[in-house]
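Per-chain residue numbering starts at 1, and chain names A, B, C, D, E and F are given in the order in which the chains are listed.
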Amino acid sequence: MDILEKIYEMTAFGELADSPGTLLMIALAFLLLYLGIKKRYEPLLLVPIAFGLLLANFPGGAMNVVPSNAENNIEHLGMLEIAKQYGIMNLLYYALIKTGLLPPLIFMGVGAMTDFGPMLRNLRLAFFGAAAQIGIFSVLIAAVWMGFTLQEAGALGIIGGADGPTAIYTSIVLAPHLLGPIAIAAYSYMALVPVIIPFVVRLTVSQKELKINMKEQDKLYPNRVKIRDIRTVKIIFPILLGTIIALLVPSSVPLVGMLLFGNLVKEIGSDTNRLFKAASDTIMNAATVFLGLTVGATMTATTFLNSETLLIVAGGFIAFAISILGGIMAVKLYNLFSKKKINPLIGATGLSAVPMASRVANELALKADPRNHILQYAMSSNISGVIGSAVAAGVLIAFLAQ
Amino acid sequence: MDILEKIYEMTAFGELADSPGTLLMIALAFLLLYLGIKKRYEPLLLVPIAFGLLLANFPGGAMNVVPSNAENNIEHLGMLEIAKQYGIMNLLYYALIKTGLLPPLIFMGVGAMTDFGPMLRNLRLAFFGAAAQIGIFSVLIAAVWMGFTLQEAGALGIIGGADGPTAIYTSIVLAPHLLGPIAIAAYSYMALVPVIIPFVVRLTVSQKELKINMKEQDKLYPNRVKIRDIRTVKIIFPILLGTIIALLVPSSVPLVGMLLFGNLVKEIGSDTNRLFKAASDTIMNAATVFLGLTVGATMTATTFLNSETLLIVAGGFIAFAISILGGIMAVKLYNLFSKKKINPLIGATGLSAVPMASRVANELALKADPRNHILQYAMSSNISGVIGSAVAAGVLIAFLAQ
Amino acid sequence: MDILEKIYEMTAFGELADSPGTLLMIALAFLLLYLGIKKRYEPLLLVPIAFGLLLANFPGGAMNVVPSNAENNIEHLGMLEIAKQYGIMNLLYYALIKTGLLPPLIFMGVGAMTDFGPMLRNLRLAFFGAAAQIGIFSVLIAAVWMGFTLQEAGALGIIGGADGPTAIYTSIVLAPHLLGPIAIAAYSYMALVPVIIPFVVRLTVSQKELKINMKEQDKLYPNRVKIRDIRTVKIIFPILLGTIIALLVPSSVPLVGMLLFGNLVKEIGSDTNRLFKAASDTIMNAATVFLGLTVGATMTATTFLNSETLLIVAGGFIAFAISILGGIMAVKLYNLFSKKKINPLIGATGLSAVPMASRVANELALKADPRNHILQYAMSSNISGVIGSAVAAGVLIAFLAQ
Amino acid sequence: MSNDLSTALLVLAVGMITVFAILSLVVIGGNTLIRIVNHFSAAEVPATPAARRAVPKQEAPKIRPATIAALAAVVETVTHGKGTIQKIEKF
Amino acid sequence: MSNDLSTALLVLAVGMITVFAILSLVVIGGNTLIRIVNHFSAAEVPATPAARRAVPKQEAPKIRPATIAALAAVVETVTHGKGTIQKIEKF
Amino acid sequence: MSNDLSTALLVLAVGMITVFAILSLVVIGGNTLIRIVNHFSAAEVPATPAARRAVPKQEAPKIRPATIAALAAVVETVTHGKGTIQKIEKF
């Protein structure tokens, strides 16, 4: 039966029998598809990641990302050579991901979809986006202590920034071999924010604190500055913000600079509408497709099924929890010294995970007191948490990149 | 007259006089433009192919694709070196086509525009998409017999798959020097489906068979399974399909996997709408522009004007005809043994060329009996013909790629 | 204070103190942002150029374009190596700009947004798009005389073509080190057309001439040819135009060919609507974003702050003025010999800068005589000025490229 | 028979067997899938419709066809047959 | 005169001659094209207008605002306020 | 304490200080910006609103705000508050 033998050789069954771990990876892909589609966990990212994972783990399809090493020397091949020898998935990975190109492009899109209005109207609350970065650095230390290298630990910690593109960009620079599990952990926990935030809040915030009504506080202690010309402020603000950050943490410019460019072309309006469409739609959507598929394709049995992955999953959760805790504690500290009280939930949203965290915080506040709408206030620290994470990533890169 | 001499040197007239075949190529470009614009033969592909052909054959414009060989070693140059030495058309060709990138991306778009609904509702008929692949392999044998190499013969045969991106992908892998004529033959014959299918049907199908009414057969012998939750089925189906194909023919994963990813993000709906827009619009449209222009630019007098091109044109037609015939005969064979009869036109549409073939079959059925609407049934074998061709391409690549 | 020292090292202040010229560059970026946003000078290009300039001049951000030289040998590195060593801005620059890819893609979009209708209806006036190219070649001679190399002088002269992508493409080929100032000069003067054209017109055209009424002249001396089937003419015209130009100036094919392809898919209509969308929207918008950012990023204190930049700014203005003058004088010459008079403003719009120049000319005519609408006539020489500049660029490249 | 020809014949055999095998599996697998989904959707019939309504596909499926037909007729009348409705979205 | 200057003068001459030559050819060629197309379209005048209407360009510029207002009113009535017109295209 | 751990501690200190410093500067800078813009916009109050209206965001340059308001009111009334105008384009 020559023909049947040839057919068997062509199929993937032989290779599957040789590496049974691959079946686990395929099962993981199905699980992620289930979470993304049915449970609606960040479907825009989890679905393509899961599909890339699926494609990568069908043996013989040559759709898995092959890590570059001293032997295969992929990093120094031309793009055409990579495509010929390793297929289109590696072409996409080495051209778009390994070059660090896609995360800044996605940040440009994030910027074009971000409205700094709520933050500008409650600028003081932006401060609490800083405290919620503590999870990043705490887990960095814990991970180093557990034996990760400094670079790996930094990439692990950045999960606590609760921002997908930031986590991916930092991983690419510091520890590309951990890209897959870090991306999955980051997006999964962002999807789980409706579970994680209430969990931490219940442990640390009293009912009385949850009932702190931001609007009433505003009436009692009114802001002195009203914004008269929001359009002009919104146009100048991203330029100002970019200048401040670029001067202090230049290594965060590829991320933050693109975010603010996207925001600027949005705020200018019709004059730059073509640029806005490119940033928020054309480039953003295509980048999301390729990012998801290629990140998924980095995960094969050999690169994924090890104890590091489990530690990343555990560490990522801890980083999230500590970040939320940090934000809450900073508010509590502030309330000790200020007459004008702030709802600790505003600290929790410093985590980022925009706008999910704000919505969750708003619901928690409404549950404690049905008239206590804090969404607009939460958005302020929420957006500043994105900036905070990008700055933290810049610091990690400046100190740890090799 | 130094100035006039300089002007003459700058113009293309000198080079045109040296290679009169170029005028033939320019005439071919005009013909294809006429067919695409006035006759509306697959204008989305034929117009850019024709324009690329035109640009490539104006001497001195440096817009023709230069094949890589041992001497110029283009395949191992960097992208910037290719652009500097050979111009932007070669840059696009070597970055997007020679890497095999565009056909899978276009397949992603095809998937995002494919509705498996008609196929799922008449799943049994999908079986006849298999028989209509016989043209591919018949012409493979004939071409080998006529002296083509195995690789060239496979690329020639795949024209019979009646699917543009599949034909282009297979040609890139097996015989890139034949890419131009194969692409033109494939798209031309797809445009000629309203002529070719009636031609084959008239020779082989009786009026009585044309009058077989699928709806009445369905009433006489009803399906036992009704679909209660089409949305869930449509979401799981591409994942199931991908898994089956990937296990059996891994080499078709780059094509079929991307098709099914496009389909999945379409079926999930609003949650992945951004991915759907990227797949079906942004990436698809840009890919079509670049595919057409560069495929057209591969054809110059030296690469195109030879006997091989004529054989490809002839062989492509035969492959189409045999595929249609195969589908029809499979139905006839089935009807011999089954009480529930199937209209042989359902076999003919196994060719693929979606949805043109189904429309043509429907018209033929209505001509024989004005109440005999078979469109929904024809779409089933029609779509499964696309899968069949992609699988056939995978087999060709698995056995013949060097 | 080890920590503060580390922080200081991380910031950009040290480097800023070392190269104070960078502060001037940042100030220039703010000025350009002001001009683009508030003054609405070509915001689609000036805003991204200004932002790219800003990003490039924050020290330590690694967002500035590093010129390739014999030492760093960037031109011969792979894309991944460029990204790793020089960051994503250099990746974008070397992949999209230095390869010469983006200007032809933008020209495709320009073509898809150009309507040749007004030109076809007043075809005779297209002739005056030729005379307005004299500024290009005059400034070429002046620049050579002042000590620029032939290549630099050609790139400087092309500013007088008043067409952004043409100027950028020619600069990339002839003098890439001058790309930044040339792009800024070209777009700034295009934005200043409402000032420059009236300035030249006031010096050279009499009130009597401004009152020449094109419609009345048309009634007195009617055209013999009316267009009966504008759609067919518009479809064939780009093909005809492309063939004429390609035969005479093959080196302009990458620009003009893409322009005409974009125009063709627009004129064909719904059959090629997907290609039209790609050309005029998807590809165009993304290309504009990347072109602007990278062109801006080529300008750093070391490459920009020198006397050449000042000469380019001055030379560009002179080229604009001479081009306008050339167009006006050609009309005056024609009027000497023809009974049917032409308004000299039609000559001025031969400059190109579509459609701004036509609008300005129309306003000047209306100011002289409120019933004298010349917009449709001005558009004819205006559009032909684009073709004229692209042809002139082709001649420069054919004779001067090394 | 040349070596190439015998390879070509082998590819013919393998190819057609594979295509038939895969499409058979698609038919069988698809039918199994439909049955399984039917099984679960039968069980949760009372629950799902509401839930699904909350997650509509692409664009608003709940504008009744009758309404659309009415609209189309109106558009046809008002535009003298030159206009069509491209997209109707619910809010 | 330096060598570069003489090259520049040559380029000026060649450039202006070429630009004038090409635009002359465009004028002549364009006029010829219009005449030829006129010739053929004259022949098929009764046939084409209808056919052309069937394949219109990109999008319809000529739907009158009044028509749109009427349409909008109708849509609101029929959909009980739940529909809006997103896009109206001519065919 | 290992070398890596001390580096990690240093990064923690530097990182948190930097993040706090930057967000403080953002708060201060943002407030200063608002005050400055307020100062200028107060000065040009009579001039700007009209000017700004002439340059509205995203699209529709020449549909007058009054028209839009009227339209919006109509939609609001007819749709009982469930409809919105998504896009108005001139033709």
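Just so it is clear, a residue touches a chain if its C-beta (ideal position, glycine included) is under 8 Å from a C-beta of that chain, and two chains touch if they have at least 3 such contacts.
Remember, it's a predicted structure, so these values are computed and weren't measured experimentally.
When the C-beta pairs in contact are tallied for C-E and for B-E, the bigger tally goes to C-E. Relative to the C-alpha centre of subunit E, the farthest chain centre belongs to A. Compared with subunit B, the chain whose C-alpha mean position is the greatest distance off is F. With centres taken as mean Cα positions, subunit D sits 34 Å from subunit A.
Rounded to a whole number, the gap between the C-alpha centres of subunit B and subunit F is 48 angstrom.
Counting partners per residue, subunit F has 10, 14, 18, 55, 82-84, 86 as the residues that reach two or more other chains.
Along subunit C, residues 6, 10, 40, 78-79, 248-249, 271, 282, 395, 399 each make contact with two or more other chains. Those residues of subunit A that touch subunit D in the complex are listed here as 2-3, 6-7, 10, 40. Residue ranges on subunit E touching subunit B, taken from their complex, read 10, 13-14, 17-18.
Interface of subunit B with subunit D (complex): residues 120, 123-124, 126-127, 129-131, 133-134, 136-138, 140-141, 144-145, 149-150, 153-154, 225-229, 231-233, 236-237, 240-241, 244-245, 248-249, 269-271, 273, 276, 384, 387-388, 391-392, 395-396, 399-400.
Within the complex, the subunit F residues that touch subunit A are 2, 4-5, 7-12, 14-16, 18-27, 29-31, 33-35, 37-38, 40-42, 48, 52, 55-59, 61. Every residue of subunit C that touches subunit B in the complex is listed here, in rising order: 75-79, 94-95, 98-101, 104, 108, 235, 239, 242-243, 246-251, 253-254, 257, 261, 264-265, 268, 271-272, 274-275, 277-279, 282-283, 395, 398-399.
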